[in-house]
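Letters are used for the chains, namely A, B, C, D, E and F, taken in the order the chains are written, and counting of residues starts over at 1 for each.
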């Protein structure tokens, strides 16, 4: 799909179609530990985008050929539920889903202390339950929490957000309409505590100057998401402690 | 090829003895009586992009069902009827035994059991889903998404399917000249449900019948027997599912249990 | 396909479209040991329905992961020949064939003394050569004979038949027209000598009372098929003995 | 990828020596002479739901062929001709080396060899299978089903294909106004066969050529050479199939054998 | 599922130390400086059956790109535009790590990165590829065929794509009555390129950034970062590709390198 | 596609549409050793047909089940590039490509001294870059050279060519138009030094007499291709020696 159109995405007061200011992240709702069978799980809602992630592992996958002698093999699947999109999505993996599974795995890889579990796999399953823009970055955010919930040692949490360009203006955390009718979409994920960008893509056209600004805006968003992640883990930890006490 | 499943999660001989020991004293691993069902929690309208949706928790089993209606062509042999498609995905985050890929025999069986009960009962008035008879009709996709597996996925899916169908909203379609279809963005219709049918799953473990089995019980069960019953108590489908066998007497007793179970299930619907 | 229509399936004399009475099974023709390569085989004709089953095993399948330490793994495929149906059937397995492969395997499982052959597979291949109703139950009937022909120890033979409801009347052993225009189809299979039902499905709507009667009618049909099975094996056994003598 | 097949069923060195020893004395494992073919049994009209069908036993090899005619669209480059599709399935009940799944290279090769011989000869008058030229034509599916494999599946399939085509009956089609097609339920036509062609398979084992090889012979053969010949003795197809090689002289001798073989095959047709 | 790749061809610890040791002294395994790209050789019109084609050698990496234009239907949401389809095949003759079969995640990522840069820039004026607006349009297939892999396949493919598109010739299409399309066999048009964009790939190895990495460098790299830049220096796409991470500073430095690289690449185009 | 049509393929002077005489092979261009990663490779152009072949092996394929105890397993893939044909070819393997992969493997098998490398695979990949008739035989020719380039011991090179029948005349090395509008296509490959035919197919109708002549004509073409192969290897060998000297 090509971008750029004449739908009014920012009004005269600088408000976006859902009422946000240009550098405002949508409301975030996170719950950690939502599944019984998975070793770790999390559900992340950002605006109307809703993503469920689960982690199984470290485990023995039964297939010897993919195991590595010095570290865990990370496997990752980004998948959209058939009901998650406007038009029903066929459950068979699309080329887009195959690419995003790779991009998300590579966003998570540098955060995992994989050397701790040689000859095992750590399997990350991401299911998009409702898609309203930013599903890959919400997927990274949820996957990182599911890893933490599974007790996998991490260098840092990975938090993701997308920066967009609409009506020649850079905006934070674009939703689907802004993505579809806007000029650029730049998803980004990072480990804030060590300043490490682990996912960076650009779909659209930016000048060099715009790109530098977009990078800064992205960091702002990443940090907002990161705080929400930590808060959710804190809450979960308290819950677990309470349960233990009882 | 259908293949004898390894008993997963492996339930050791000891575990089986424990479960049986309890059942023989009329109690179960989670404290229920033999004919008790687990707690049920149903939330609807949880997927904004779906026309209808439900999140069902049956004990610790979790299923999301999304209903989407799209305009499509009718089947050539039923040109004046809408189309119903029921699909189930056992996504790998639900269980260590689920693999990515096309639906396996378990998911296909589940979808077909639910599909048949709806279809045979004519639960959905498909003729009311024609827009331009012979040409354009509503295709209703019921997508069952199992996200956590603690046994009895069929009943959880059946509850989710009916809950999502009951609460679904489809935009009113107006046919303009030249067979152009205009969808209203303010007026909606429900999916025309003539009747309601729900499944009830009973496990046979040794000589005992237990309602709504958890995963540990399914692992040691001889077989499951699934009845679909409608609100008038008619049988709208049966499926024996599992390696073992049942006597005629088992079948009759299981039907009695199923009648009680579906009454409770019905009461939990939105 | 939905059932129920106004085609006359039972006439005023209680005769069905092919002249049978309501509780009459179609003519059965069975031949055991029809293939050279398979360890066991049987061809079952019931009316115009024609099914070929073959068994290979107990054998080593080459794939270790599916073997079980304490019993044989049973594998079963129900498959329709492209020419077996009114409209040519694509040879790729349909969802229906995948379900029926499972249902048939589970109908056969309780009859096989699988503990006798740990770490092997017993492979059952069922090919529908001509479909005129009752193919799954004829498949069970043929598969059970092929197992016996292969010398696999069995608790009992499994015999299958379908009960139907047409024009508000229960009928035994429905053919394709009765299935298509009737109100219900209840396939059933069992080991008669121990009263064990190993396959039971219902496709259609029955009242509780009808169901109880259908179950009894099913047992009647199962026993008819069972006698035909035993007769076919007896014939085959005599044949084999004659051959040995010569 | 095409892969060197393991010799299955594994024929040991000793077995090979035995077979060769016999052949060098002009006899074979089953007592035949080098140029003899096995007994042939052909039954037709065995599949009520097919338009034509044949069950062929060539020795202990068994093949069922079903012919079905369905109304479909012509290929864009031959708008006034019917469509012929030849497909072969090596179903797993026929041999321990056949696996469930889409046709492997052996089944594809067999189907294409038979397809080509029919097509190149224009054995079927495809123009007579047009119903509404340019729009609707008969599609003739020839489905070859190998059910027991004891060698020389190609000739068995070729016999079955011609037998099923010769005996097939297609309902007469009448075109009504508005391009509606009415099929007669009393009047039938044959598939218009202009000519007949059959294959003859010869195995080269060491320096010897043997007709109609059994499975054990195929397992030790250097290669097979398959000729398709029509009733006038013209060559309508050739396929060298197997790992080994042939001299020009081998090829010429094989052709002589093939001519004799197809004459016998022809005499067995219904 | 995307899976951590084994480091193939396995680069031992010693190899990595050697590469790093050299880089830390501002030189590389093949003698280049950190910001140098390899020699480039581009031949076009090498595939007679394609409308446009290019064979690119970037050092010892080799890619063939074929462009074919076929008449097809437009997408429903862009009825008045031609269709662009970019596909990449990593055929197994290019590397011991490439397997036969459908494109894997590496080939899909490559094709999508190149596709996006063209699409977002509207590099091809797709509206000029409509023949009968709303009905028939040119579909332009860009098929990228990697035949030898010595690193940086993205830039080699990007160069090949633009070279093949620039030199492609499409027959002029004339619309006759009745929406019949006649293709000229003497008059041709170019594919309407509004603008040109090329990728530049930089590897981060430890703390260093190197341009146009060879396979050995990719194997020890933390990650690659790929920029697409157009002739006016605008960024038309970015892809971080690889397991590692980058600082904001790394990203800025890499962009500077990419700007220099694409200028050189542009100068090599036909 | 059916053959036989009224397009004039041979003119009154006995010249074919591309000006050749009936027994003339198109210009052949061969280059050996064109790829870096493959153990052996060759590119063969015959007229406008252009084929690239590469060999990997003997190597360990990772899959144990296909290995043979007494010889190398040869694997072969014939594949057409999507841009190689008039209408774009889908990259998924067609039935034709599957058959030709087998036919070509069997044409190469007798030439390889496979017993020298038990428990390994020798993998042959053939990519048709431009198709103008005779792609399978050009594929055999290129594959045989790639094997030689990989240092695999061979009994002889295998050279391939197609004989055709157009306008009731036998012609050597038919191109695509002659194939499409002609009456028969008889591809053939052989090891000339030992008179061994390793590939022989006929697509079309020939009388016995025509076939005998076609076989002779085929041998003529095979020998022409064989000389070109040897010349290309000689050139390559000189090159390599020069490189070694430097």
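We take it that a contact is a pair of C-beta atoms (placed from the backbone, for glycine too) under 8 Å apart; a residue touches a chain by one contact, two chains touch by 3 or more.
Treat the numbers as computed from the prediction; the structure is a model and nothing was measured.
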By that same contact rule, can you tell me which chains touch chain D and chain E alike?
F
Going only through chains that touch each other, how many steps at minimum separate chain A from chain D?
3
Separation of the C-alpha centres, chain C versus chain E, in whole Å, is 57
Please work out the Cα centroid separation of chain A and chain F, and write it as a whole number of Å.
51
In whole angstrom, what separates the CA-based centres of chain A and chain E?
27
By residue number and range, which residues of chain B touch two or more other chains?
1, 100, 103
Going through chain A residue by residue, note those that touch at least 2 other chains and give them in order.
77, 123
Looking at which chains touch which, would you call it a line, ring, star, complete or other?
ring
Circling the ring from chain D via chain F, which chains come up in turn?
D, F, E, A, B, C
Parts of chain D lying in touch with chain F, wherever the complex brings them together
1-4, 6, 77-78, 103, 105-106, 108-109, 111-112, 116, 119-122, 223, 225, 230, 233-248, 250-252, 255
Using the touch definition up top, name the residues of chain F that touch chain D in the complex.
1-3, 66, 68, 71-77, 95-96, 98-99, 101-106, 109-110, 114, 123, 184, 186, 190-191, 195-208, 211-212, 215, 219
Help me check something: in the complex, which residues belonging to chain D touch chain C?
46-50, 53, 60, 62, 64, 66-68, 70, 87, 89, 91-96, 100, 102-103, 141, 143, 145, 147-150
Could you please specify the touching residues of chain F with respect to chain E in the complex?
35-38, 41, 48, 50, 52-54, 56, 59, 77, 79, 81-88, 91-92, 123, 125, 127, 129-132
